[in-house]
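Quick one: this structure, given as C-alpha cells, is what I'll be asking you about.
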Amino acid sequence: MTEISAPEKSLFEAPPMAEQERMVEAILFASADPVTVAELEARMPHGADPAEALVHLRKRYEGRGVRVVKVGDAWAMRTAPDLGFLMQKETTETRKLSRAAIETLAIIAYHQPCTRAEIEEIRGVAVSRGTVDQLLEMEWIRFGRRRMTPGRPVTYVVTQEFLDHFGLESARDLPGLKELRAAGLLDNRPLPGAANLSEDEEEAEDQVGQSELFED
Amino acid sequence: MTEISAPEKSLFEAPPMAEQERMVEAILFASADPVTVAELEARMPHGADPAEALVHLRKRYEGRGVRVVKVGDAWAMRTAPDLGFLMQKETTETRKLSRAAIETLAIIAYHQPCTRAEIEEIRGVAVSRGTVDQLLEMEWIRFGRRRMTPGRPVTYVVTQEFLDHFGLESARDLPGLKELRAAGLLDNRPLPGAANLSEDEEEAEDQVGQSELFED
Amino acid sequence: MAEGHEFEEDTTSVTERLAAEALIVDVEGFEGPLDLLLMLSRTQKVDLRKISVLKLAEQYLGFVEKAKALRIELAADYLVMAAWLAFLKSRLLLPPDPSDEGPSGEELAAHLAFQLERLQAMREAAARLMGRDQKGRDFFVRGIPEDVTRVRKITYTATLLDLMQAYARTRTHDEFRPYAFDRDHVFTMEQALERMRGLIGFAGDWTDISVYLPEGWTSDPSRRRSATASTFAASLELAKQGHIELKQADTFAPIAIRRKPT
C-alpha cells in the first residue's frame, strides 16, 4: 500500500500533518452530519492522510467543550455531553417514543440483524406496522439483508443516525452488550420441541453456542 | 462593577476560567446564530465572565482550521477562510454538445476563419450568442482576424485545444466534403442555384483559411 | 343466579379482590401475556433465573379465572397462554411418561423462564439506551452547518463523427441519416407495384408469381428475398384494388396470379 502510493506522494506533495489536521478540523466542524474518512480523503489534497490527522485532532479536543467523536465509520464534532445544561435553547423536542417503539429499537440494536418475527418472539406480542415505520422514518433503523430462510424475511439493523443520536461509536458499544451475550440472552432460542423447519435453518446460520440446543 | 459583583461571586462560585472557556466553546459551536456576550452571560452560570473566556478561546483557535470571529456585536465560530476550498465538492458531468453548438463548431472548423454571418448563412438559422460563447469558453474556438469587409466582422477559428480533443494534427485533416460523401455521411443534393457556388467558394476559402490558421 | 355470583365473590377477601381487579383493569396496559407473566413473576421477589414457573403458571391461571369471574373478556392470546400454562402445569406435576417423545415439563419451564429473562433484559437494555446522552438533548451538533457547495463542472464532449455529421447536416439542410441503409439490395414495394402494373396486362392466364421477379434479383439470396416479398406484397395490393386474382393450392405451394377477367 505504502509502496503503491509512494510515487503519487512524490508527485503531489501532501500538506504537512498540522495543516491536514486543520483541514479535517474545518471539514468536521462545518458539517452537521458525520463525515467518513473516504469523504475527507476525497475533499482533501492528494496524498493527505485524514485518518492520522483525525488521531491528532481527537486528542487536541480532549476535554474541550466540543469533542471529536467516531460514529460508525464516520467522524463528527459534538458538544461535550456534560455541557448539555447550557443548551436549553438548542434542545430539539424529540418525538416521544412509545414503549413498544423503544423496546423494538433496543431489540433490533442488540439482536441485529433481526426479523420482525424475532422481535415478536422476544416481546411476546405482535409488532405493529406503525412502530417499525416510525423507527424507519426516524432513520434509526433500516433494512438489512434478507434472511436466507423460507420466506426470505427482511431483517432490520440500526443506522449511523442511531449511533450518532446515542453517541455510540458502533453497535458493539451498546451498553451491557457483552454481559447480555455472555448470559445467552441474545440467543434466539426456540421453544423446545416446537422448533419448526424454518427456525432450524435459521439457527444453522447462528452461532455455535446455539447448535448445542438442537441435539435431537 | 467589580466591587458590586464581589459579594455575588462569593455566594455563587463561578466555574474556573478553563471551564468557562469550554462553555463558551460549546455554546458558540451549537448556536445557529452568532451569540452576544450578554446572551452568553445569561446562559452561563452566575458569576461567569464570557468576555474573558472569549479572549482565551479566540487565542486557542488562532491558526486552527476553525476561528472565533466577531459578527457585529456577537460571536461565532467559522471555518478558516483559507480552507474554504475544502467546502466545495466538485462533480464533473460530461454532456453532449447541443446540436446548434456542434453544427456551429463544424462550420467554423471547415470554413475558418468564419464570421457569424457566414455560419448563419450555412446553417440557415440565427446563431445564438450563447452557442458561440460556449464554444469560446470551452476554448474550442477563438477569435481570428477581423474580416476586411464592411463592418469588419470578427472571425472565428478553431484552437489547438479543439485539434487535441478531436485528435487532429490540423484542421486540414478534417475529412473533406468528397470524403464525407464517399463515406455516406453526406448526401450530395445541391440546393437549386446557389449550392454549387457556395461549395466552390468553400473550397477556395478552405485553402486561404487554413493557411491563416494559428497565425497572429 | 347473578346474586349467587355476588355472594361467591364476597367470600374472597377485599384486598385480594382489589388486587385482582387492579390487575384486570390493567390488562389493557399489558403488552400481551408475556408482559403480564413478567409482571406476575415480580411478585415472587426472586431472581428471574430462580423463578418458580409452576407457581407462575398458577398465578396466571388464577388471573384468568378471576377475569372470567369478573366477566372480563380476555383477548385470545391470553387464553392461548392460559391453555399452554395449564398444559405445562400438568407436565410439571405429573411424573414424566417415558414413552412421551415431546419435551419435558422442565424443558418447557426453562424456556418460559428464558423468555421472561430475555424480555426483562431487553427492557433494561432499552432503558439504558434511552438513558444515554442523546443528540439534541445532551450533546449538540454544529448549529450553522456550512453546506458543502457542490461545484458542478460540466464538460462538453463531441466526437469527430459528431462533428462530421453535423457538418454534413448543415451542408445538406436535410435530416441526416447516420446509418446509410444499403438500398442496393432492396426492391421496394413501390418498385414492385410499378413493375407489376406494367406486366399484369399480359397475364391473362395463371402465372407463377416468381415469374414477376425482376431480372437480376433472382440469384443473390438477399436480393431474391427482398424482391419476392415486395412482389408478393404488391400483388396483394393489386388484388385488393381488383386488378388481379391470386391462388395458392396448398400451404407453401407456389402462388399464382392472373389478371382479373373483366
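Letters A, B and C mark the chains in the order given here, with residues in each chain numbered from 1 onward.
Everything that follows uses one rule, which is that a residue touches a chain if its C-beta (ideal position, glycine included) is under 8 Å from a C-beta of that chain, and two chains touch if they have at least 3 such contacts.
Note that the structure is predicted; figures quoted are calculated from it, not measured.
> Make each chain a node and each touching pair an edge, then name the shape: line, ring, star, complete, other.
Chain contacts: complete, every pair touches.
> Report back the single chain whose CA centre is most distant from the CA centre of subunit C.
Looking at centroid distances, B is the chain farthest away.
> Please list the single chain whose C-alpha centre lies closest to the global protein C-alpha centre.
Centroid comparison flags A as closest.
> CA centre of subunit A versus CA centre of subunit C: separation in Å?
Each chain reduced to its C-alpha mean, subunit A and subunit C end up 28 Å apart.
> Could you put a whole-Å number on the gap between the CA centroids of subunit A and subunit B?
Each chain's C-alpha centroid was found; their separation is 39 Å.
> With chain centres defined as C-alpha means, what is the inter-centre distance between subunit B and subunit C in Å?
46
> Of all the residues in subunit A, which ones touch at least 2 other chains?
Expected reply: 29-30, 43, 77, 79-80, 87, 90.
> Residue numbers in subunit C touching 2 or more other chains?
Those would be 140-143, 146, 148.
> Applying the document's contact rule, which stretches of subunit B touch subunit C when the two form their complex?
26, 29-33, 76, 79, 87-97, 99, 101-103, 105-107, 109-110, 122-124, 134, 138, 165-168, 174-175, 177, 180, 184-187, 189, 191
> Name, in rising order, each residue of subunit A that touches subunit B in their complex.
Per the touch definition, subunit A meets subunit B at residues 21-27, 29-30, 42-44, 63-66, 77, 79-80, 83, 86-90.
> Which residues of subunit C touch subunit A in the complex?
Going through subunit C, the ones touching subunit A are 31-35, 77, 102-103, 107-108, 110-111, 114-115, 117-119, 121-126, 128-130, 132-143, 145-146, 148.
> Residue numbers of subunit C touching subunit B in their complex, please.
Interface residues on the subunit C side: 140-144, 146-160, 162-174, 176, 178, 180.
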